[in-house]
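Shared between the two complexes below is chain A, which has chain B as its partner in the first and chain C in the second.
Presenting the complex of A and B:
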């Protein structure tokens, strides 16, 4: 955690000016290309938000995220490097990998919340054997899963799916509010809940797929 | 990833699925979860006045290994004293079921669940002692 937290000290942008590997000219540390010789620059350590030129926050504009990601990906497209040196081709690929990683981490709200908490020093998804005992959260999830297991028609499963999706939306609103208020404890607890709810939505879709669509059901049932 | 035969057996024929009355003073309930995979496990024990676990039930929503781990532990704890049941380690469960490393946390969940159920039972019997 210290490692990650350290990286985002300050504005979350890599500091200052570095030398271009190709012409030694000065360039901004987050530049994709040297503005003197136009050589592609290797990816430097920075958080995923900085990688995409975004402020560190939960409530991001996803259209803006897409726009920035695709603009950068276009600049790094392999076709543009077909006639360049092997070193430049390798660097552009490394850049593309880092960009993809940043985009994947930020695009989905659950992984964005998890990543943001990690940047703030809270690991909600530690490796290995992490179990929780929060009775309120677990009781709620147990009841929702029992309700889903008891849904024995397509309509009932659809109803559970809608309920699960409503819970997800409500949870996202809570997480957004908690981050905006700087309440990391609540953001952490709610992110754990969201993890369960996302799983519930998956399970509800699977459950619904077990039943034939309404049109195929006997008319009198 | 292939499950071992023992996991498949417990998964397809889970033992002791069900619920006990959580308000019964002789029943202890443990509720634990593994958020990484969205698992939730409820394990209940009925304890005789002599401190022997007479019955155990579980309800688990999770993967095959989580279901097998909870099914196995309910079999193991029946007839044991609370002190004996408390000494069951997740490594024994993992070994018995031949769980792969990525599924070890499922056995941890079962160990935590039985411990939570014992703690719940004890706190019902003497709230001050269990809190120590």
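Presenting the complex of A and C:
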């Protein structure tokens, strides 16, 4: 009988059952804790959505994302294991690293769209290639950047920032629609556009910061 | 409350956790240090007999090897300035090149550096590193806590400026180890302050913490929500604080006075400058004398001149606030409040500027000098007794590697939640290249020479290949204390060379070992105790796991088998209560061995029931 059990466990992990590292008993492969000895379990490979218990989709409720992330960090963060054994502390750190990675990838819509496309086998940034191949997108981005370069007061820069933010929101709506309709080509194209728009928002913020309000400008000494 | 339980001498030793000393929170400040303890989420700042909470971060090295810390060191300062050292926090993890001169003289006397490159100071006839001096402050802090609590204190949460780099964090950890304190966690000062403030006021929403201490400025943006303290962004300057106000004032006095200045003169000018500054937070004018050697000079300072002197410094802090908020896309009006931390926020002009920028009166309900220690104490309790609160912090500075042409390739961006681990692949640029220099830097600039160098190491033994064929994977990991570990491995051949990084300005293991040996009270037990505790907790963990398994699957054993396991468990308990590490390890191995058949039967049962469960599911669908 022992021999049989050995062969089955030796054959891999049938039915998603693995041995708990602490009590050596059976646990589900995706369990965070052993349900016999309550030892924390190491993170298993899974996609970022599964890591946080979410369905794979673009339109996620960010409040729900936060709730899931906080709830899991409450269980797994190294602060919960400060007085435990070195091994449990190391496992908890690995778990927290995976949670942070998943949260960072899904929190921001641009990285979420990029990740979703990657899961579907579409690379929106082949080999770090940064040239725009789509002529319409190229024209639009050039015009927006010319507009930003011409903004020479804090008000004008703020105006450009608002405009860029409006473009971002509109682009996000397109991406959401495309993912919902299963139109990955459009989602991919629009995600590339979003990447440039997000950069534009950053540049507009930097531009605006050049014109600090007079009241707090550094005093002459 | 079990806080003040006293262990009677001669009692049967308790399991090791009961023997542990108390865990406190320590704000190891540039100017002052504070220690606090918490129970049931209520923190208490520990005071001396006179009711004072602040321990001046001053150390005097007297004749006959005597060391005085705090007020006792301050009393020595005017008579024997060369024997006293202060503001040592500014030198943690720093090189001599980072020191700020005053009228051409440093307020420290620099000695030969330690072998690891760490700066060393000459003080009271001794040559000491900032780590050793900080350890002396921590020993005094620990002693204050032990006197106040009448119990042993051996664990602590220690706060560090959010903007402290890796070298400074490591130096702080080393200092605690020298002082006989186990660091449960390094917590960023603004985060600790937010914890104290949030738990005190049940605040929710976006909050900013403006922390202007003696030597460092930190600004953090946090989201507070139902016991979660999530740092969204942080910025600051690790070399901007109330000390710089003192420097500006002292500089003026020394110019007024004229003549040459040595390091003792610079030190005395700083003492008088601080006195003048502190007077001017309550009155409009100060007049006093600066005596260096035989010569005394009279100086006057009014509030208007003081404000002109420190105006550029205060503006720089506001610029940092603006930058962090703009970076995070947050308007000042969106904040639920701005919390003031640090003694330098007592300067009226600083308060005015903060109120002006944020468009509201800042919050200072908790004493700005004590709020950080209170937060640290609350976190110490949370770590040792469990808690529902959660601190989620970020890396303050980007971490990267030097690449071709002196450029920085960022691996971990600033404001990334920690703990974090990231890896990137690099390749060789010459045919047959057999080694690669890995230069780890911290900072936001694109060029290596504008960032802080943390460590250099060489990955050797790369097999000969054409340029660009090798795949060297460099992994960065930052733990919950904000400490970095870097390793590198060549991938294509499966040959792994791994090297752990030592910070450039840190102590080598040998230096650390020597200092531990020299610090008599810990030489015997530091390392041994560490290893013993590890063996104890590990054996306890294993025994408790087996007991849980017996409770659930005990029916898989025959009574003789069960009795045999229980006999070993009893011996594990006995070993854990003792001090023989080898005995603990031996009996824990025995437990592992004797429970193997039990574990196999449990796995077998688990797999069978999983298979059965799937059959049921398949029938149902």
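Here is the rule we use: the second predicted complex is superposed on the first by the 188 of 221 C-alpha atoms of A that agree within 3 Å, B and C clash if a C-alpha of one lies under 4 Å from a C-alpha of the other, contacts with A are read in each partner's own complex, and residues count from 1 in each chain.
Note that a residue touches a chain if its C-beta (ideal position, glycine included) is under 8 Å from a C-beta of that chain, and two chains touch if they have at least 3 such contacts.
What you are looking at is a predicted structure, and each value in this text was computed from that prediction instead of being measured.
Novice: For A:85, using the defined touch cut-off, is the partner it touches chain B, chain C, both, or neither? Pick first, second, both or neither.
Specialist: second
Novice: Classify the contacts of A:124 with the two partner chains as first (chain B alone), second (chain C alone), both, or neither.
Specialist: first
Novice: Per the contact definition in the header, classify A:103: touching chain B only (first), chain C only (second), both, or neither.
Specialist: Only chain C; A:103 stays clear of chain B.
Novice: For A:196 in the superposed arrangement: first (chain B), second (chain C), both or neither?
Specialist: After superposition on chain A, A:196 lies in contact with chain B alone.
Novice: For A:139, is the partner it touches chain B (first), chain C (second), both, or none of the two (neither)?
Specialist: first
Novice: Does chain B (first) or chain C (second) touch A:24, or do both, or does neither?
Specialist: After superposing on A, A:24 lies in contact with chain C but is clear of chain B.
Novice: Does chain C touch more residues of chain A than chain B does, or is it the other way round?
Specialist: C
Novice: I'd like to know which partner A:205 touches here: chain B for first, chain C for second, both or neither.
Specialist: A:205 sits against chain C, while chain B stays out of touch.
Novice: Touching residues of chain B toward chain A in the complex: what are they?
Specialist: So the residues of chain B touching chain A come out as 31-38, 40, 42, 59, 61, 90, 104-105, 108-109, 112, 116.
Novice: What residues of chain A sit close enough to touch chain C in their complex?
Specialist: Going by the criterion above, the answer is residues 1-2, 4-6, 8-9, 14-17, 19-20, 22-27, 34, 36-39, 66, 70, 73-74, 77-80, 82-88, 93-94, 96-97, 100-101, 103-104, 205, 208-209, 212, 215-216, 218-219, 221.
Novice: Name, in rising order, each residue of chain C that touches chain A in their complex.
Specialist: 17, 184-185, 225, 228, 230, 308, 311-312, 315-316, 318-319, 322-323, 326-327, 329, 353, 356-357, 379, 382-384, 386, 388, 390-392, 416-421, 477, 479-480, 534, 537-538, 541-542, 544-546, 548-549, 552-553, 595-597, 599-607, 610-611, 614
Novice: Which residues of chain A touch chain B in the complex?
Specialist: The touching residues are 124-125, 128-135, 137-139, 141-142, 145-146, 149, 192, 195-196, 198-200, 203.
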